[in-house]
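Please find the structures below.
Each of the next two complexes has chain A plus one more chain, namely chain B in the first and chain C in the second.
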Partner chain A sequence: MALLPTVVKSPYYMHLVIMTCDNIMLGLSFSLLYSTGLLTMAAGAFWGIGAYTSALLVMKAGLSFWIALPLSGMCSVLIALGTGAVITRIPGIAFLIQTMVISLIIPEVVGYSEFLGGWGGLLGIPGPSPIGPLRFVGKAPYYYLVVVLLMLNVLAFAALYSSRVGRAWRSIRVNAQLAETLGINLYRFRLLAFVISSAAAGLAGSFYAHYFQALEPGMFTAFKSINVQIFAILGGLNYYVVGPAVGAAIMTFVPELLRVGKEIEPVITGAVLILLVIFLPGGVLSLPERLGSFSWGLMRRTKSDGAPAKPGLYKGD
Partner chain B sequence: MVVQLLVNGLSIGMIYVLVASGLILLLGVVRIFNFAHGEYYMLGAFITYGMCQLLNVNFFLSIAIAMVAVSVLGIFSYRLIFQHMRGDILLCTGASIGLSMMLQRGALLGFGTQQRGLHPPVSGRLAVGPVGLPSEKVVAIVLCIAIMIGLYVLLMRTKVGKAMRAVKVDNEVASLQGINTNRIYLIVFTMGCALAAMAGGIIAPVFSVTPTMGNVILLKCLMVLMVGGMESMIGGVIGGVVVGLITSFGTFYLGALSEVLLFAIIGVILVFKPGGLFGEAH
Partner chain C sequence: MSDVSFDVSEGEIVGLIGPNGAGKSTMFNLISGFFPVNSGKITYAGKEITGLKAHAVARLGIGRAFQAPTLFMNLSVFENVFNGFHLRYQKSFWKSFFHTKGALEEEKRARSSVMEILEFMGLAQLKSVQARNLPHGHQKVLGVCAAMAIKPSLLLLDEPLSGMHPEEAATMGEIINNIRASGVTIILVEHNVGAVMRLCNRIVVLTQGRKIAEGMPREIAENEEVIEAYLGADDEEEFD
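Now for the complex of A and B:
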């Protein structure tokens, strides 16, 4: 991975790789919440919050990017704490709707606020200041930066998943009532998951602001959050780390390489999403397993009962 | 002025009630959530516009045609897509968002971005005392109230309505009692689509008809569900009227800040009643 910029010379493909890494961070934040049985539509909104916080801190307060990056994560955390304290109390469809409303409000608020740049957005956001000999010119330094961020993100999430907290989250997803009788405080663990996932989304947004160097409210509408959800579903929801990575890579590269027109793109994305949900609800990563069980079933001429029971996501309990 | 704002708020609020009650029925009985519901509303408005403006069909007949056409689309989308994912909120969300993207972009490509307006079926102002009220809004309010009363009678007084309520309480026990649950699901889904199409038809003379009008109504309906709760129809009615009135009065007195006021009020309601005003608190 470290040698990639020496192999890939085209800035266009480097851009796609960098965008994939940024999108993977968003997908990871979605699947972190999914690991507790919550479905969020607000990943894009917190991405936007992180991006705007970081950009404004650098442009208006004159801070360095290296200070603004953690601060933008903190800002996402604070907003997630405030909103999450209210909305994580009822899981299931109510949580989904409330996060959807958040992701619809945030771009509106930014658009109407002159201080935040309005509908025109922010232009000319400075890149990160150089550290030592490393100057942020061209694509390669940004690539290393985003890979480092992504690795930290993956390591932190993997550590969480294998810790007490991660086990508590999974137990909530499998059976919330049972988890509660075992002494797990559902509200606190759900809130914790919401805050951590928002922080990750905020950091991804902060990187994007200084990489792309321009922001506008249209970049983090509900459409962004929907895309993040598609990453996770496409890759496979039961693969918390690899799933979003595969999904984000496919969703970033395939539309660009196919060069479908921007007008027709939502129609194709929508059709793919419907077909995926109907025929491959386990995601791309479940494909080998399904093919395997299919051929195995043909050989044994018995009906496979391999499908794991779905957790009751409807009411969240 | 207060009376006019009241009529404005009530007319738009009753539209929210029509669309949101379809969503509440779907959530309660069929146990799915449909993000494409706003697109049925948009298609209803377009079909009404096309019938009424281009083919010179009577306004009320156009609404009926729109309802039938959108219901057929609803039956197809239920049979092809939503039937497979009842009770699984994740799959529903994915599939309905996909459907919404397809329908909306399809309408945008087919009909273009220009705004269309329909001549009101009844124009002029209705004089009530010293104030004159726009009669198309009064017509909209009366129509919506009539439909909601009809829906109430259907749910409470007829056999189908009783079956729907039984399926809502427990679908397995209901099917043990000899209720064809699959038929009930289909009927409820179709009803929701017809209600959305009707709301779109009623709104066509009041607001402009655009391919993206479904987004706006969906956002408002989500707010209605947050205010009123997702369990009961009465919550939908109260929530719709509250959101409509806040929008109407807020826009007049506060301008663009009215959205902020709406969110603040919803936030306060959620702090004290996490499930909405009429929702069950877990």
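Now for the complex of A and C:
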């Protein structure tokens, strides 16, 4: 993995790889919330919040990217705490709709605010300041940075899933009533998941702002959140870590390689989502199981999740 | 429900009986915090618990097993009980997050306690079976196991014998006696009046949300009003 930039010479493909990593972080943040039974439509919005916070802290407050990065995560945390305190109280479809509302409002707020750059967006966002000999020129340094962020993200999430917090989340997803009878404070654990998931999305956004060096409100509309949802569903919702990785890779590479125009992309993603839910609700990773031939060790679900579940989307299992 | 008042002393098994719709399960939902209480008071160990949320009630040591098997159906028997250990962990969130030695040891102890519970309840051999694949009787036992995981001092059992054939019912009766012997107070809602008579120290009879009698099993069996309430109700309710 560390040698990838020496093998892949084309900046175009390196760009796709970097975008895949950024998207995987978003997919992970979606599946973290799914692990507690919440479907979010706000992943893109918190990505945008992270991106703008970071860009503004660097451009207007003159901070270094290395300080702006954690601060943008903090900003996502604060906004997630504020909104989550209200919206995680009622799970299910109400939560889905309220997160949808968040992802509709945030781009509007940014668009109508002169201070935040308006509809024209922010241009010329500086890249990260060099650390030692590593200067952020070309694709390779960004690739290493995003891989490090992704690894930290995966490690943190894996640690959560295998700790008692992950078990509490899973209990809530599988049977909220029983979980509560067993002493699990549903609201607190849902809020915790929402905050952590938003922080991860915010960090991914912060990276993107300084990598792409331009932002505009159209980048994190509801379509972004729908895309994130597809990463997780396409890979397989029951695979909290590998699922979003596979889904994000497919959804980043395939439309690009097919040279799909930006205008019809929403049509394609919409069609993908519908086809998935109908024909492959368990995601790509459920294919080996479905074909019944073999199942790969790596792709198996988190061990403590027990035997393969019947994939059930939008209806709790 | 109105005008219902009863006490349960430590170490007792109190039966809550009454025809369908008498409010037995409602009573449980009120105690365990699933339904809001409009008026009246519920106290537990000298503390008022009226209006507490279900998780807060559990934190005080009130466990509950549901009438319809309410389990983590796609998890194993072991994990069903393991997930009930949430309240027992002393180590902080961060220690558990970083998988410190202490947190891992705590988890290891929890795992062996899970096995103790499963052995106590006779489910140890089935520990890796998925809950949904268990026969009904075992599912009900597992529901009680999960409730035991929170180390309750008061256990609410909602029709633990329903839908069981006589052998399973006998096993469950034994389990209930064992749990009581281990020092847990039990309130039991049950349709099988014969079993209630055998298991309970005291019985409270409800009809249509009111208490009509309270007393020793023998007294209840001879109580005119109780007999009338049962005869007047659906014919599936009967003394046996």
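Here is the rule we go by: the second predicted complex is superposed on the first by the 290 of 317 C-alpha atoms of A that agree within 3 Å, B and C clash if a C-alpha of one lies under 4 Å from a C-alpha of the other, contacts with A are read in each partner's own complex, and residues count from 1 in each chain.
The definition used in the following text is that a contact is a pair of C-beta atoms (placed from the backbone, for glycine too) under 8 Å apart; a residue touches a chain by one contact, two chains touch by 3 or more.
Since the model is a prediction, treat every value here as computed from it, not as a measurement.
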{"item": "Touching partner for A:Arg89 - first (chain B), second (chain C), both, neither", "value": "first"}
{"item": "First, second, both or neither for A:Ile226, with chain B first and chain C second", "value": "first"}
{"item": "Touching partner for A:Ile97 - first (chain B), second (chain C), both, neither", "value": "first"}
{"item": "First (chain B), second (chain C), both or neither touched by A:Leu155", "value": "neither"}
{"item": "First (chain B), second (chain C), both or neither touched by A:Leu276", "value": "first"}
{"item": "Touching partner for A:Ala214 - first (chain B), second (chain C), both, neither", "value": "neither"}
{"item": "Chain B versus chain C as contact partner of A:Leu291, first or second or both or neither", "value": "neither"}
{"item": "Partner chain in contact with A:Ile105 - chain B first, chain C second, else both or neither", "value": "first"}
{"item": "Per-residue touch tally on chain A - higher for chain B or for chain C", "value": "B"}
{"item": "Chain B and chain C footprints on chain A, overlapping residues", "value": "310, 317"}
{"item": "Chain B - residues contacting chain A, complex", "value": "27, 31, 33, 81, 84-85, 87-91, 93-95, 97-102, 104-106, 108-109, 219, 222-223, 225-226, 230, 256, 259-260, 263, 266-267, 270-271, 274-275, 279, 281-282"}
{"item": "Parts of chain A lying in touch with chain B, wherever the complex brings them together", "value": "39, 86-87, 89-90, 92-94, 96-98, 100-101, 104-105, 108-109, 112, 226, 229-230, 233, 237, 263-264, 266-267, 269-274, 276-278, 281, 310, 312-314, 317"}
{"item": "Sites on chain C touched by chain A in the complex", "value": "32, 34, 53-56, 58-59, 63-64, 66, 70-76, 79, 82-87, 89, 93, 96-99, 103, 107, 130, 146-147, 149-150"}
{"item": "Chain A residues touching chain C - in the complex, by the definition given at the top", "value": "156, 159-160, 162-165, 167-168, 170-171, 174-175, 177-186, 304-307, 309-310, 317"}
